[in-house]
């Protein structure tokens, strides 16, 4: 169990601002946030690599805030594939064990087993530089896991891999960390899908703060704030300014009466959030087609409305001509509303 | 608290300070004394040595001469060193042998090589004029005319230190990333344009470092002048450090030479700092 | 018997090995490369009797070979004879002064024995051990000529140990000057007879005439004059030689470089300026690079047969007459050229002399001394005495590159030099030139005062500026005079005057 | 590349090679001459132009009068250079690592200023320090000793080591040290177990510069020794008398150049592997 209270780091481009959280062993926490949200900063602060100006870190009730890095019983896998260039793959993985005081033979045996687990059993005596990027990252992972440390942190471990390797490693990930049942696993990423897929608990960071946390599906369905919604939506969520007057939602020239899916708040300005699934072709609204792009078997279409921009997704590969007009409808039951202070004020009937 | 970061820095820092502090402070103190050949104590004569420095035309001329010499020689070394590095960068027949060969002059002792160069430039018994005369040129007054002596010193400096530039620049070239070259090739840039648009900008940090270090070293030029020309003819090759040497150890005006040295030191630190800033600004386009 | 050759070093080692194997030859010292041991206070035999084993002597001397080589040679012999350890360090001329002075000033007992330029006595005298009476009474010392006893003396006390005698004189090629054909052609071309130059104007003229021609017919061009003209390499001596006859009036007493009374520098007086103008003018008769010639270049140039005339120390002369020399016995010596007009500073006029005024320059020579700080003074003096013993002195005199020149009356013996294979004119002109200088009443000595290096360095710099065409002769020497006045100011007139008085006494023949 | 460029490049390389080699060849030829072969004008090829003599070479191994024995100076030079280089390299590497990884602050003095302080030591002309060093070593009783010279050379070489190694460490990702620490190393342990083994190219370059500047220094070796400790450059100028024995000087020059020519070969090996990337910047 890892508890952090009021972690604050010195002002810099990215810094932590009063971050508190309780991490339970045996869980995989995915930390989602954009670049610069403070994810790496948080991991580094936990590790002791970045100095704190305030706050405490407690591991199993014991305050380890001032403990030297090497005694923290944590491991960290970097985004760049960093291994010890002067050591063989085997010695790389044996390195932390040797530092723990294990005999050479024992350390190498353990390392060898771990490397087999990550699929590198045949590469024990290579140098890291002789491996592919994916293999290098596996070495780094093996080195981090072999220690069986209480906290295993992975800082965007897949970000620098190409697509296919990334998919492959992501799929394998749960199996790879399965042994680390006693550990708290922290996994940062900028990709909402990855975060939702890998984590038991998802933590959303923004501007150096934790702005939301919880089971990924809940968070996705009910993001507590506008910022959270923005961070966890991929493809991006679109925000449109509007207001409610007399139980009618006005935006641009369009307006929407209360419908069965959505209850409108009292009069006042609101921000309307449209995920792509809230927009469907055919309907009362007219939009000008902007860019269209393909993602897997789907087509993403950027639309220009008189009230703003939004994104629509359709199944299959379809070609839309840029500049044409398209009529669409907006599904009220998929719409979310946020108050001017960012609170999620979406209320549904059911 | 003596943390591990002090473990790294302090030994070197304290060693250097211990070795250098006394000489430095001592020099400052001596510069206010009249220490010379018959008066070896530390009396106090105020700033009169400094007053004398500012009226000493020979010193200021030597400084001008030094600036000229070091700027010309360092530019030549840089240009030639870069050209050589580019020439052997890509595979060349016998490339490794050439690389070793090109490095060797830097490894030689300036005092020793200058003795050899003096015989090479000897106007009646040396080979250079002998060979030139076969082409109907000469005899060239290598060491006996002001221009000749200046050029001779330049040649020796270029011979000795171009390898330094060559080494730094070649090491830089070897480690350049490949991608920008691909991009340039796709753009259809020619050799010349690729050099100016890709290679040269990528080499800017190395260039700055190399130029600064060479300027620092070149400004101390002493051994070559000492052996080759003794600052002559007249004062044609008398550089600042050689002049300070004459005043200090030949004439034994220790106090005065200390004042000269300190003035020189201040000027050098200021001008090198300015040069470094200027280089940074022109080559990298930013400060710091 | 071992022949004296340039392979003296290896030969000595070989000989030493032989000596060790045959101790029966104890009284025969030819294995040390001398012809025979000569009787004297510090002969080989006498030195052999001393035992300094386990003790060591540190010696600083000039670079090899001039003085440096004999120092090393005799150190080696001394070590073999007495069992002492003798460490010798060789330093180029330009740095010899500071290498000795820095330890002196900082009370560091670095060297026991010092070989250096005798003119530095003005600076070093405070640190030197007077020569003990028993060495003054030695056989070698009592034969030293008056000039060089004078050079070794400071305030009436002998503090340097004479082991070399130096002066500048003219050297010329007899195969040209005595050649009737050349004489006739010279007369035809110039309208005057070819004679050994009597004045520096003559010297320049003759030099110019013979410059840039192949007059020895070896296929290489020959040149007029080889002179030491490199700024930091003894050029000041050459300049003094040239300027002396114009500036040293036989009837004017009281100082050559300074007016002893006022300690005003005389260096920019018309006599010196004339000397400098002629020096500048002479450059056109130098070999290529000649205005950057050091002493070594001058020796190579004249001694190697490249130039017609030269003036400086004996080295080039001896070099030219060595056994393997191409121009052996084709050279002769003569007094330095003089001046038809001499500046009289008492009257402020140029006085005309029917017989050119000569002012022989008793140029600084090498000398040696023992440091006051030495803890091995006795051994040090024994070493010097041995260095200069009769057998060694004779041996050293014969080797040009050693730079040891006559300083005892016995060295001024025509028969001795003829014994070396020198022919009549070469030997006779040499001995008579040297002897006459001893007798001159108008000698010029070095400026033996504290800070002499500053004065000479400043002068050399001014002369070099004029030679390089950066300044006119007058401007250059005005600049020197100004600097001299400043140096005088810094050193203190009285201190300087006290020292300079020693020199003036010698020059005015009162010493 | 077109033919013109190629020809130009070949000519340039050829010309420069000749320029580089020329003094050595001349010295080689001169080392076999005697006085007569020198005073008769420039000559080049033994037996053809002049009768060779081995005097120049033998004099270097002869004790005493004729020659200078260079064996002693060679050993002294090697000892001083190696010890001073090693000390500078050790201290300089530690300092450079510290400067590249930690923040130091002493009033307004920061890392950049400390680095500048190190490097600025090279601006000082040696003459300035001659007398003070002399007095300092005298007080330490270290004049004319290898120890004294080592002390002075460390001050001379340390800045070079710091300069090269600071740049080198700047090129090694900080994450490597951090990783070592997360893997159980202390900061000092991280340096020795991880960073140092990966710094060989930088150490080679820094070591090379130390060797060059140490081996080639003339001035301090000259001023701070008397008779016991003699370094090579000082021995050679002891031949620089008014009559210069060109033959011995030439032979001497060739011998003193030899050891560092070996260094050139080592350096070239590292250079062509491209591993010096971070070492020089």
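Residue numbering begins at 1 within each chain, and the chains themselves are lettered A, B, C and D in the order written.
Assume a contact is a pair of C-beta atoms (placed from the backbone, for glycine too) under 8 Å apart; a residue touches a chain by one contact, two chains touch by 3 or more.
As the structure is a prediction and not an experimental result, all values here were calculated from the model.
Note on connectivity: the fewest chain-to-chain touch steps from chain A to chain C number 2.
Highest inter-chain contact count (C-beta pairs) belongs to B-D.
Chain C and chain D have Cα centroids lying 39 Å from one another. With centres defined as mean CA coordinates, chain B is found 55 Å away from chain A.
Multi-chain contact residues of chain B (touching two or more other chains) are listed as 124-125, 129, 249. Across the assembly, chain D contributes 38-39, 41, 130-131, 135, 186, 223, 237, 240, 244 as residues in contact with two or more other chains. Each chain pair that touches appears in this list: A-D, B-C, B-D, C-D. Against chain D, in their complex, chain C makes its touches with residues 6-10, 12-13, 58-60, 62-66, 68-70, 72-73, 75-76, 87-93, 95, 98-99, 102-103, 106, 108, 110-111, 220, 233-234, 294-296, 299-300, 303-306, 315, 324, 326, 401, 403. On the side of chain D, the complex with chain A involves touching residues 173, 175-176, 178-186, 189, 194, 197-198. Remark: chain A residues 47, 49, 68-70, 72, 74-76, 78, 80, 82, 84-86, 95-96, 99-100, 143, 147 touch chain D in the complex.
Within the complex formed with chain D, the chain B residues making contact are 4-9, 11-13, 15-16, 19-20, 22-24, 26-27, 30, 80, 83-84, 87-88, 92, 96, 98-113, 115-117, 119-120, 124-127, 129-131, 159, 167-168, 170-172, 174-175, 191, 205-206, 209, 213, 216-217, 219-220, 222-223, 227, 240-241, 244-245, 248-249, 254, 257-258, 261-262, 264-265, 268-269, 272. The part of chain D that touches chain C in the complex is made up of residues 35-36, 38-41, 55, 58-59, 62-68, 130-131, 134-135, 138, 143-144, 222-223, 225-228, 230, 237-245.
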